[in-house]
Amino acid sequence: MTTSRVGSGARIQRKVGKGIVTLLLSLYGVVAIYPLLYMFLSSLKTRLGYAKNRFGLPAPLTLENFTNVLNRFDFLRLLSNSFITTVGGVLLCTIVSLFMAYALSKMSFKGSKYIFLLVVVTLMIPNQTIMYPLYQTIGELKLIGQYYGLILVYAAFGLPLGTYLIAAYLRGVPDDLLEASRIDGANPFQILMRVVLPVSMPAIVTVFIINAVWMWNDLLLPLLILTQQKRTTIMVAISLIRSQYDIHVPLISAGLVVGFVPVLVAFLIGQRQLIKGMTTGAIKM
Amino acid sequence: MKLGNLGTSRGKEIGWIVLFVGPGLLLALGIKFYPLFRGLYDSLFFFEGGWKPVYVGLDNFHRMFLDKTVQQTFFNALKVMLTIPVWVLFPLVLAFLIFQETAGWRVFRAVFFLPYVIAPIIVGQIFREILGLQGPLNAFLGLVGLKLMTTAWLANTFTAIWAMVAVVLWSFSGLGIITYLAGFATISDDIFDAAAIDGAGFLTKIFRIILPMTVPVIGYWTVLCTGGMLLWMFPFIHALTEGGPGHATMLPEYLVYITSFRFFERGYGTTIGVALFFVVLTFTFFQVRFMYEAGAPRQKQKGGAA
Amino acid sequence: MMKTNRIAIIVISIALIAIIGGTSFAADQKKVTIKVLNWAQGGQEYWDKTAEAFSRENPSIQVEYESVPFERYYEKEGTYLASRSGPDVMANNLGFELWERAGAYKDISKRLTPKIKRSLYDYTGCALAFDEKLGILGIAPSYQGNLMYYNRELFTNAGLDPNAPPADWDTFGKYAVKVKASGKAMLAMGTGHTIAYWFFPEIAKNFWKSSEDIQQFMRGQIPWSDPRMRKVLDFMAWMADQGWYQEGAATTTMLPDAGDVFIRGDTAMIYGIASDVFNWKTWGDAMGHQNIGVMKWPMIDPKAPFAGKFSGVGGFSVGIAAWTKNEEAAWKYVEWMASEENANLFLKLAGGQPNNKNFDKSIITNSPSFTKIQSIISNNMPHTGVMLSGRELDAISRGYEQIILKQITVDDWAKTMQDALNDSDLKKPTAAIWNH
């Protein structure tokens, strides 16, 4: 963000104003953080300790839930399964969305409007409605049980939103930039790579984040597609801790923390990049 | 704008289009549309023993229109849709506060985004505890003298659905905030400086500069929320209330799940799902078209604004 | 340019990883592999050990589990059913849940020898409509049923004899007064599906006059307005008014919260089951086995024929999938699940009540409750909770939560139950299941 050149005109100047802002932000900050804190504290309690005192500090403090969880699962394998499918899905989805969004918004051809509408309509299809036929179709396409099966389905599910977001963004990009390249004789692919890609970074990054988060956290699709124990994702494995009637909250919390930590780490590392991606190259109007 | 000036044959042009649009189209058609049509077909059947199809024509639809639970469920969906303004404005306000870059704004930005990355099932579990009768929310309300307001948030027929919406909002706001911030970043500081010189106040800046310039962002965030409300609340409903008390927090997607999978009525469940699809389509269609067109005028400006 | 290359490299490597991952699943040519679908009931450790033990005895068969979280089990199983393909062995809860999915299983009635039948507490639970002539869909490794547990220390503190728990509801009420006076709530309550399975049958059993009644109920021939059914609903609602439940009972959307209430000693009693969870092992491990007492549910009228019986049924069934290509191997697995060795493993690792009567009694020595349960379950009756259809289950659980919250009347509740019954395909006289 162009913080060093912050125009004074855009920001509140007076101390009182700033104080109020900080107060409001802090209030919501607490609201945002508290549930996470609660989950983390629960994971450090024994079952009895949790039953006795749900909302206070752990007493006694124990790591038994974590050892239990980490022993239950072949943790590295689960992580790598999640990683492969999420990264694969995100990449494939983002790339295909980009190509499609570019073609639909900048390469005018007959029917582009209809295809765009089709894509948006696909966004509106409820998952539960198509669950049975989806499974049958995936089975017929022989996608069951394979990583690439899940990756393809992830990409298909994320495609409508991705295309829509990038296309909507590209609408606001003036054609002049592209014109210049065209006149230079560049083919559409080159135009895409050299001009469109850098310029649409904010939208691409948004699509990237949205996809990454839901694909990592998704339970239903990996359940349906990755049927083998050793291929399952970490979130699915963690939800197995909860059986039909039993909820051992501290244990589940530990599992959830374990599932959440990779995301947190990725987030902390990547957030600078993400924010940068979202804001640099953005066309100032 | 035409590609005609490339000078090469129309065939090559078509080739590029097919290459760019083809894979996406195949994926969307094959994995989402085709099952949808099969689903539409399924809704004309009754499945004996869960699998043997028996043709019943429009009986399922007839039953659905008379089904009081279905009616209540779609009515709930309508209630939820009414909260969309909150979904649009709440993250906008927070984003704007962060945009002020007061002390620790970067930390706030990160913290606010965090809820979004937590899996809905976790969020549901945590809030079920927090919103309980003896939970921390009620304890807090008691502390600040609002004891009258304490209630079992998720068990009270009046508050349950709003409490649930609040939880989902908690989860999604982070994305909204970041999206808006990205939108703000496109507004050149020069405009603000010019406005300051002209003596524009704080409120003027919000309503005359920021809002108009972020209309496209507001636009696609609204579409996102609309779709999300009807289609992505499932894990939250599942974890928080399972549609209860009674059917107070039952939304169509969850009803489809219960009917298709718990009651194992595949045909009827699909019927409700088809209805949901058309409802969502109607709601978002006009929005999308409006926003699509709203975004288009930008193109006509050559280069950036002065 | 750099960017393009980098992207290309990333894409290609991901594709490679996926392909390698996808094709690395090498099928073992000599062995038969059977796939078993379950929800890891009792814990993954138990299932892993059974696979090991089974494979030791049957070296040519390898077992591969697909464990799905219970809350998504129906979706997963449903999709397999719809596509008529998938695992070789599947699990289900008994009763209508199983019968509604009858098309998924092979009939194994011809395979069940008299020896097997004698060794089990319940084998007809897996039969369609509990009638083995209609076909048996699987075998249950565990035996399940409804009990009440109590905290002996709290009884003593309230001036009650921990060796004389209340056998009827009048006494229960008197005990409750004393417990309340000692500062505790009487019964931990949690809403959810447990209402249908663990609660309803225990009240209903006081109103059946004969097995004919139960048969009629199962077939959907008794409307919810019938005095027998109406009295059940009325009694359950009456219970909610007695002040026996802990505060905020209806907001515990699942029983586990009530379990925590019992564990931390806020209530003297809790209702639970015999096997797997919310049983002697759960409470004993948390609160000390010597401190836990167990009893049958109290009776309304001791003279009623079924009032003092234990409602029992197999805990869950394992059956052979109708589309399997490895029927013999699948049968060997199912048969083994009903064996003594499995029973012992189940008891030791999962704290479950085995369905096989001949398990090693010496495994559990530290739980007086477990010992008492063995004598309780010998006097049993069919479990009527599993005779509720999917819709009735949903309606009775939702309804009771609202009854506790005073949001609806019993009239409303009875009406929703009747609507649910009317919509239940399997409980119609024309349903295929009754017309063999």
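Going by the order they are written in, the chains are A, B and C; count residues from 1 in each one.
Note that in this section a residue touches a chain if its C-beta (ideal position, glycine included) is under 8 Å from a C-beta of that chain, and two chains touch if they have at least 3 such contacts.
Here the structure is a predicted model, which means the values were calculated and not measured.
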Margin query: Need the most distant chain from chain A, centre defined as the mean of C-alpha atoms.
Written below: C
Notebook entry, point to check: Would you say A-C or A-B is joined by more C-beta pairs in contact?
Noted result: A-B
Item checked: Distance from the mean Cα position of chain C to that of chain A, given in whole angstrom -> 37
Notebook entry, point to check: When the C-alpha atoms of chain A and chain B are each averaged to a single point, how far apart are the two points in Å?
Noted result: 14
Margin query: Can you list every residue of chain A that touches 2 or more other chains, as numbers and ranges?
Written below: 54, 131-132, 136, 219, 239, 249
Next item on the list: Going through chain C residue by residue, note those that touch at least 2 other chains and give them in order.
Entry: 71, 75, 78, 82, 257
Check: Which chain B residues sit where two or more other chains touch them?
Finding: 257, 260-261, 266
Notebook entry, point to check: Which positions of chain C touch chain B when the two form their complex?
Noted result: 71, 74-75, 78, 81-82, 84, 100-104, 247-248, 250-253, 257, 389-391, 393-394, 398-399, 401-402, 405, 407-408, 425, 432
Next item on the list: Flag every residue of chain B that touches chain A in the complex, lowest number first.
Entry: 1-3, 5-6, 13-14, 16-17, 19-21, 23-25, 27-28, 30-36, 38-39, 42, 94, 97-105, 108-123, 125-127, 129-130, 135-136, 139, 170, 174-175, 178-179, 181-182, 185-190, 192-197, 202, 205, 213, 216, 219-220, 223-224, 227, 230-231, 234-235, 252-254, 256-257, 260-261, 266, 269-270, 272-274, 276-277, 280-281, 284, 288, 291-292, 295-296, 298-299, 301-305
Notebook entry, point to check: Inside the complex, what are the residues of chain A that reach chain C?
Noted result: 47-48, 50-52, 54, 72, 84, 87-88, 91-92, 95, 131-132, 135-136, 139, 145-149, 151, 193, 197, 219-220, 223-224, 227-229, 231, 236, 239-240, 242-249
Next item on the list: Within their complex, state which residues of chain C touch chain A.
Entry: 3-4, 7, 10-11, 14-15, 17-19, 21-22, 25, 35, 39-45, 64-72, 75-76, 78-79, 82-83, 85-86, 194, 254-257, 259-261, 263-264, 276-278, 282, 286-287
Item checked: Complex contacts: residues of chain B adjacent to chain C -> 46, 48-52, 128, 132-134, 152, 154-157, 238, 240-247, 257-258, 260-266
